[in-house]
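Common to both upcoming complexes is chain A, partnered first by chain B, then by chain C.
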Partner chain A sequence: MLQYVIRRLVYGMITLLALSIITFTLLQNTGGDPLDRLKSNPRITQQAIQEMAEFYGLDQPGTKQYLTWVGNFVQVWNYPTAWGRSFQGPQQVQELVLNRLGGTARLMFTALGLAVMIGIPLGIYQAIKQYSFFDQATTTFSFVTFSTPIFVLGIGLQIILALKLEQWTGVKFFYTSGMNSTSYSDLSFGARIGDTLQHLVLPATSIALISIAGYSRYQRASMLEVMHSDYLRTAKAKGLSRRSVIVKHALRNALIPIITLVSLDVAGVLGGAVITESIFAWPGMGRLYIQAIFLNDWPIVMAVVMLIGFMVVVMNLLADLAYGWLDPRVRYD
Partner chain B sequence: MSEPLLQVSNLRTFFSTEEGIVRAVDGLSFTIHKGEKFGVVGESGSGKSVTALSVMRLIEPPAGEIVTGEITFKGEDLLGLKDEEMRKVRGGQIAMIFQDPMTALNPVYTIGNQLIETIMLHQSVGKSAAAEIAIQALDDVHIPNPKVRMEDYPHQLSGGMRQRVMIAMGLSCDPDLLIADEPTTALDVTTQAQILDLMLVLTEERNTAVMLITHDLGVVAGFCDNIQVMYAGRLAERGTTDFIFDDTLHPYTAGLLGSMTRLDEVREERLYSIRGAPPSLIDPPNGCRFRSRCDFAKEICTRDTPLPREISEDHWVACHFAPDLDLIRVKGEPVG
Partner chain C sequence: MKHLWQRRSLTWLGLLLAFVLVVAACGDDDTAETTGTTSAPAATTTTTAAPTTTAAAPTTTEAAPTGKPYGGEAIVASDQEPPTLNTFAPGGDNFIVSIVGNGYWTGVQDIDGFTLELIPEVVTELPTVANGGISINADGTETIRYTILDEAVWADGTPISGDDFEFTYNTIMDPDLPITRTVYEDIDPATVVAGPKTFEFTLTAPTVQAELIFGFLIPKHDVEGSDFINDWNDTMWVSGGPFEFDQWQKGEFIRLTRNANYWKTDAETGQQLPFLDSVIFRFIPETAALINSFKAREVDVINPPPSIETIEDLQTLESEGASVEVLSGPIWEHLNFQFGDNRLVRNAGSYNEFLEYRQAVAHTIDKTKIVDEILKGQVEPMSSYVDAFSPTLSLGAWDQYDYNPDTAIALVADLCARDDTDCDANPVSTIFSTTSNNDARVTLSQLFVEMFADAGIVYENQLEDSSLFFGETLDFGNWDLGEWAWVGTPGFAGLVSIHDIFDPEGAPPDGQNFYRWGTAAVEGADPEGFNQGASSVIDDNTARFAVLRDDMNSTVDVDELTEIIHEAEQILADQVVIIPLYARLDPGAVWADELGGYKHNPSQAGDTWNIEQWYRVDL
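For the complex of A and B:
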């Protein structure tokens, strides 16, 4: 078991290494010169630009730049200088990115939690009530949601649940930008929680909706399959009540395949967060990342990509462990 | 014969599908007596499983429905029972085992867990007493090291072993009737014989009645007292095993016998095979459902549905021409 975890971590490292090489190569070849903006500024001399390029190591060949970057990047304990300096100014990338990590993590875990806690029970209930009005209505709803782009969902929620709701009721239920109000530090403990939730609900829901739709559809199918399985017929033939048949014999089996889906979806949720952060002015890595891409600020881009890759690797490992915990047929060797 | 245990009369079980109403079982009556070994034989699709599931009341609504009929078990009308009363019958008084032992056990629970669950459901015993009973039940079906096997998951056992577990589970609550739906079809020939022997010995010991469902007359031959041959949801022929094999009355039974491989016989001519395929059970036409495949069909077979008639004591057949057909050329010479 421990051996399995260690081996998976080693594979994870290799995956991350490959990810870093591919991303770096792509950025080098398509990103353009990070100093382009300076070059087009007539007040900056050729000499100054030359010095900048030397300072950042941009005059070196790509391979050399990559090796230098990796060598420094892995020394995460050299906070805050390990991940290099942003091309936009004096900020250290590690400091910039890690400061924003909390915001993204808050958004991501809330969205993932919502999706799991709503999507999975929804799918199970749909399967139990197959063909009912509830089943048909929610299945249609899931289908529509699943095919709607995330920015449409985000803006839609802003218009309906923030703008219109406030106009109709005169009460502000939800905020559409930022992580907290400016008055946050003056609030009482209870009011702080309220303020945090009021900011969190809409962006987290926009991300979660698509996952809820996906999970419930998948969970419904998996539950239906289990409900038609031979061992469920055996359970009924034993004389078990419908309740025990579902709770004991169907649920656990029906949950096994969904774990894989959720772990694969972590990357999707993070991708959703990147877009949602821009719509809701959420101070997370996503906005930093998009800005950095436009400015060819590759140390930031690389750092964000590596963090996302790291989270995906860790979540996949957790998913595999959960898989083995639910399914005795899985062996770790 | 001893007193009746299960009486099914005029059972009709239909399924509504997109193509139409499937008349899977269409007016079937039979009786199984205490301790009787009753075989149900017919090609796949003839309604054997649906008959068994109807008796268990495991036909799934809304698609499936028992449309008419009466099912009386130990004098009690099963179709009139409340759900929780029926649950006491299921697994307690009527146990059922299924065709595919590879999928019939829940993969995420141990053998012991699944056995103990059944036992505690029908007997008022605690967990440790139930475990004792379970170990004994595994021992009865000749599973080596039953105590250790209790901790095994289904995937750790072979197909034959799993079917033994199913039998142990079925018999653990000492039912009056064991329904075995093609219990050996998925197993290799050697294992097949072992499992049948085991089932016979155990149910004889306990005087448990068995409804043994199979598409293979060879399987029921050494096992059953009486055999019921079904065709397209209806009775074709029913009688003692000797009657069915030696005084065959229905051309379909004769066809099944003629196409049977027998280990004790060296055949000169080719194996017989019944031509054509069973009719659709959606809107079946009037008349005999077997007529399109029958070598003896006449005009009356298209016009009139043959009703089951008792030709001699306890030998029933649904054919207009029985007992006047010369079936020898279809089924081959009798053996011995």
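For the complex of A and C:
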């Protein structure tokens, strides 16, 4: 088992190295220059732009820029200078990225938690009650939410639950933007919880609704497949109770496929939710990432891509290990 | 049993949901937070309660009997977040840095939101030849003297002095710092004289550009000895403006609090400024969310992107107490011709070097239709680039080219009748290039199809992603007919500097004459794409323009300067080097039933130019 884990980790490192080379090459060849925006200002001279290029090391050949970057990037302990400076200003990338992790984790784990806790039981229940009114109704709801663009969903929730609800009731239930109120640090513990929820509910719900739809459909299909298997029919024939059949025999096996899905989603958590974070002005990685892409700020793009890549490698490994725990037939040689 | 199981499941599900939400809520507020390093002196108004994010939650009410009320908070929303607070650091030229900085910076000049002219801020008056603040010396050098306001002090009570000017100068000139030193590098260091309330220096040659320098002063007593680039990104030095930096919650907001030692008083009531206890800048990148925040009155002031739909949406709120002002902004769009070799890479049959062709294009363009289609007629088309800088100085030199397809057809016929053209073998054609990821420009390209067809000119659109267009295309002049925007700056300095982009002696990569109008051949440049032959247009006009450009850069006499600029404007119009189209809209919206004193300022100063005069009307 240990040998297997070590081998997977070595493969993972090779994958990350390849990922960094491919991403860097693509970013270097997108045709943009991080300092392009300066050119539209006639008061900034070519000399000033040249000095700026030297400051950021952009005057160096691409290969040297990559080797310098990768050499520094792996020295994560040299906080906050290890990952270089953002091209948007003199800020250190490591500081910028790590500062956004908290916001992203709060939003994404809440949304993911809601999706797992609602979506999976929902899928199981749909399978148990196959073709019932509940199954039909929730299936329709899943299709509607799954096919609604998150931008529409987010803005719609803002308008209905933040703007209109306040107009109708005169009470502010939810905020349209931000992670906390500006007076958060002055609030009592109870008020902080309330304030956090008032900001968190809409963005988390936007993401969760779509994920719930996906998870429930996936879980329903997986559960139905297991429920129609021979060994379950045997279990029923042996006279086991319906609950025992479902919980002890069907559920455990039906959960195996969804582990892959959840583990990949957990890996993607670090990337944040680009659209949702922008709509709700949520200070997360997704917003940082998309802004960096638009501004050719490749040190930030590289850092986020590498973090996501790292999480994908780790979560895939954990998922494979979990298969072994759930399915005794799986062995690691 | 079945029902019991269902009830238990639901109970557990509910408990789990509650647990997740509470865990999420109780987590530490772990985004980056930076707080001000300077403690605020006791304010004349006292904050008795924490401000809230809802705008209508003033903390204190202390009004003069007949004056404006003190206290409360204003929330300004922006779609951008500053990359740094230090305007001298890389990224410090970003517009939002100034918007926030207007709260705590001070300097020689500001831009008046009503007149869009430069006004003095920390000095008694802006130096001119007439008031003795500028003198031209016998050796051809220019001496400038500032007299600092007696009452001007930093927030900690330290007087603002000539030493702060000198320290600012020395910091900018530090060769180890990546700071733009234009104009400052022309100051003779030996001539710098700093007094308690005066500062004097001599420039090696007269230049009107000096009117914009020392716009931001650095407090020597607070900054000296620090790491200038790394120490002042997330926090700010002691304030010289109406507010002090208090807190930056990265990704969310910046909070400024009242500077009780601010020296300015309200001209109307004589009250000490500012009126507000605090100002919050919230960062909401998505336009729809920005508008929804404003509609929900979670923010008081917004500068939304200049989309017509957004403006019309906001204008529906005017009946509920909002005020929406739409003005011509400083960003002006223009059509232009490439005169360098690489125009032929884009269009092998380019006729850009022929004046008749350029005049024909000028008569082909229906600017009124363009403004009606793209801006719904909210502003007038531009008749000169000078409109974007000092409208009162504009000759409107492009008014000579009215929209007239018949004239355009006649000019094309004249062109084809020339001995040096062969329109049968090489039909008159235009290939238009601009950025494809800008809706207004895409609309423009669509409008051009019909306009050029009416003038009998073969036309083709070749739009590109902005990264390519503003990269290789612009650098190497790989276009035939192009379109993009420049940014205007009020005052003579901006107007003079814009002429650099037409300087026949300024071919890229060293210069900014991307049009290559009148430029000499470029050799030995790196990368090779810059290397091209001489411009297809080098004549008496380009030679005269080069002289004018040099003259305007060495003249400080306003009358003389006006005359030179007029002649330059006329040459550019007569020669149709560019065709100014329109200035982008610049909307500003405020809940006027909550916040008073706000005046939208479309210039670089931004809407916070008079933030010290904002007050809560709902107190």
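Heads up, the rule we're going with is that the second predicted complex is superposed on the first by the 322 of 333 C-alpha atoms of A that agree within 3 Å, B and C clash if a C-alpha of one lies under 4 Å from a C-alpha of the other, contacts with A are read in each partner's own complex, and residues count from 1 in each chain.
Here is the rule we use: a contact is a pair of C-beta atoms (placed from the backbone, for glycine too) under 8 Å apart; a residue touches a chain by one contact, two chains touch by 3 or more.
Note that this is a predicted model, so its numbers are computed, not measured.
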| item | value |
| --- | --- |
| Chain C versus chain B on the shared chain A, clash or fit after superposition | fit |
| Touching partner for A:Gly12 - first (chain B), second (chain C), both, neither | neither |
| Which of chain B and chain C A:Pro257 touches, first, second, both or neither | neither |
| Touched partner set for A:Gly268, first chain B, second chain C, both or neither | neither |
| Which of chain B and chain C A:Ser86 touches, first, second, both or neither | second |
| Comparing the two partners chain B and chain C, which touches a greater set of residues in chain A | C |
| Smallest separation of CA atoms, chain C relative to chain B, angstrom | 13 |
| Set of chain A residues, in rising order, touched by both chain B and chain C | none |
| Interfacial residue positions of chain A with respect to chain C in the complex | 30-33, 36-46, 48, 51-52, 54-56, 85-86, 88-91, 95-96, 99-103, 106, 109-110, 113-114, 117-118, 121, 155, 158-159, 162-163, 166, 172, 175-187, 192-194, 196-197, 200, 204, 243, 278-284, 287-288, 291, 296 |
| Parts of chain C lying in touch with chain A, wherever the complex brings them together | 1, 5, 9, 13, 16-17, 20-22, 24-32, 50-54, 75, 82-84, 86, 89-94, 178, 180-182, 229-230, 233-234, 249-253, 255, 280, 282-286, 288-289, 292-293, 295-296, 298, 465, 467-468, 470-472, 474, 484-487, 489, 494, 497-498, 500-501, 508-512 |
| Residue ranges of chain A touching chain B (in the complex, touch as defined) | 131, 229-231, 233-241, 248-249, 252-253, 256, 326-329 |
| Chain A-facing residues of chain B, complex | 56, 58, 62, 84, 87-92, 95-96, 98, 100, 103-108, 117-118, 121-122, 153, 155, 166, 169 |
